[in-house]
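Written below as structure tokens is the structure these notes are about.
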């Protein structure tokens, strides 16, 4: 089914406004192009009003949030809501500092997000106030496994209902849930955790997918998650013995660039529950 | 002819001060080194005075302009003018927001630029007030073709006369014009548009070329445009079937790194009119 | 001996807080992962207090310092001192502007650094007030050679005694000194100077190494310097004829990623004096 979602990205070339961290911003730009979308970055409050207005979707990532860019996030979010543009929130490091957790909660209060994507520790931090996030990585104690799967799915559905956004919890197993149903996605490769920013990149392409598939946010989000994971697998299969994490990153982009609807359909591994 | 311009870059290793966006800044740094120059980045107003003074050329790129860095752009521009250093302006996204268009116009009013380089929509936005820019990409309706070539060349010459800078309009066909003559450059490959920041990188190396060839700005600029386009072609020729945009980017840098005067002379494709 | 230091990084996965420039920040993040550590970036003063508290080590790099981030550097430094976390200072461009030199000196006055790592011109600028730094590169007149080695080693030891930090002067020959002894390190390859940020990357992994080896700062720092240089050599050995600086960068990361204690032990080339 996800082939259609990808096709729509390639057909409509959604323009995605990103207010994102300066660590992985170049990767977000290039992966948006690779997946078929077009990126623009702007975090100046005087500029975002018009930039976000001409875009199809917005991607807010708090990875290097600061007092100058936070007001731009709120402004862009409100304008996107006004125009009905879908928005992704990536609460990088929520739970690692109370500042990040606080800003994330305020963003969720004041803006209607279409998708909130994070690792399990980040999502728990904003949903239940835990503070187990290890820097920008999930805490091992929080890992989603087949044992705690049912409770994590229930938690995701409940949190989705509360905030009105699709919740994407990504890690070794990914969960994409709204209040009614959840995709449990098995795509991906452990080597993806050896690259800085695979989460940020996924949030960026999720914005592209939901921008191009606005009447079907949860499927679009699940398609993006499968696409990223599948390309992680395919890139790893081509990795030579002495190649490490930076060459692996290049190969993931190359796979995203060449991904076709057929390859995505054939490779997506998920269950719906 | 352009071999000499490249030789001068490699001989003099111009130090280029960049006030540029945080999206493609690393690419600007590495492509400056690849072409034979040396980069420095500084956007703090208290720091730029001395930094720009010790440099050979300045590259101002408004891709992620903000209230903190804009005053530094004006300051660095004025000091470069004071010392007679050549300056490139890259008005990223001019026409996409009135803020970007406004700041660009004010920069052009207050600073004497040697080269203004942008896509056709950006240049039209600042020259005639159109607002057709699609994010950071040119609008398809603005594309330079053999049909509208004469009028675009006339427009570029006229705008050059008005602002006193060489105008470089880059896209599938590139035009580099002063008030008297224009280079129409055919180098390049469509795949270059699949990388974020080929324009930014070109502006950076243009600053290096004009820094090393200060008595011949238009030829230096045309040489930089040919060099970038030619390396885009040569990189594509080596691209394997399953390689995508990030590997392509690596290969462009590799070609810029190994470009020799002879290869540039042999590969440059342009007309003068 | 340095195998142990590397092993400790891989075993303890130190979380490294980076306040660094936006030019090479992505490389710092990915090389930290490649070497076995975990990166987090935060430069907002309201955020750094808690972020630096949960980290193992801090890396302060002034490459694109500005009025917003400088107070965050001081804050993070003081908190790291409070917790006894080791800190690296990378005074990028000290000597190229009086602003950079001044901020660096103030940082050294107010914060106890474990390691100060820079090129010879930067270190001389902060130690003796020279201003020979050529942008972000060392001045050729300052180069460490076998002829001036003894005096540079004596200078490094003296400066180390004065400021209480290990001094790492890196270039074609690297010197890592405390007040008592110095490592003279021969690893590395000239091609490393053709990549933007090898110094920044080295500072980042130095923070990881000293974070994982807190009772032996000088050996940890020397191990990091050998590791980076050795991987530069190994990456160059695999570089194909038409590959340039960006592919070379990828290969360095791949080597850092696959570096083992045995390879490091066998390849480290240094003398102690």
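Think of it as A, B and C in the order they're written, each chain with its own count starting at 1.
Quick note on the criterion: a contact is a pair of C-beta atoms (placed from the backbone, for glycine too) under 8 Å apart; a residue touches a chain by one contact, two chains touch by 3 or more.
Since the model is a prediction, treat every value here as computed from it, not as a measurement.
> Tell me whether chain B and chain C, two copies of the same sequence, contact each other through the same residue numbers or different ones, using over half shared as the line for same.
Homomeric contact, different residues on each side for the most part.
> Turning chain A onto chain B with a C-alpha fit: angle in degrees, nearest 5?
Fitting chain A to chain B on C-alpha positions yields an angle of 120 degrees.
> Rounded to the nearest whole Å, what is the centre-to-centre distance of chain B and chain C, using the mean of the C-alpha atoms as each centre?
33
> By the touch rule stated above, which residues of chain A touch at least two different other chains?
As it turns out, chain A has residues touching two or more other chains at 22, 26, 68, 249-250.
> Considering only the defined contacts, which chain B positions touch chain A in the complex?
Interface residues on chain B, with respect to chain A: 21-24, 26-27, 63-68, 93, 96-100, 134-137, 194-197, 242-247, 249-250.
> Once bound in the complex, which stretches of chain B touch chain C?
Spelled out, the residues of chain B in touch with chain C are 15, 22, 25-26, 29-30, 32-34, 38-44, 46-47, 49-51, 54-55, 68, 238, 249-251, 253-258.
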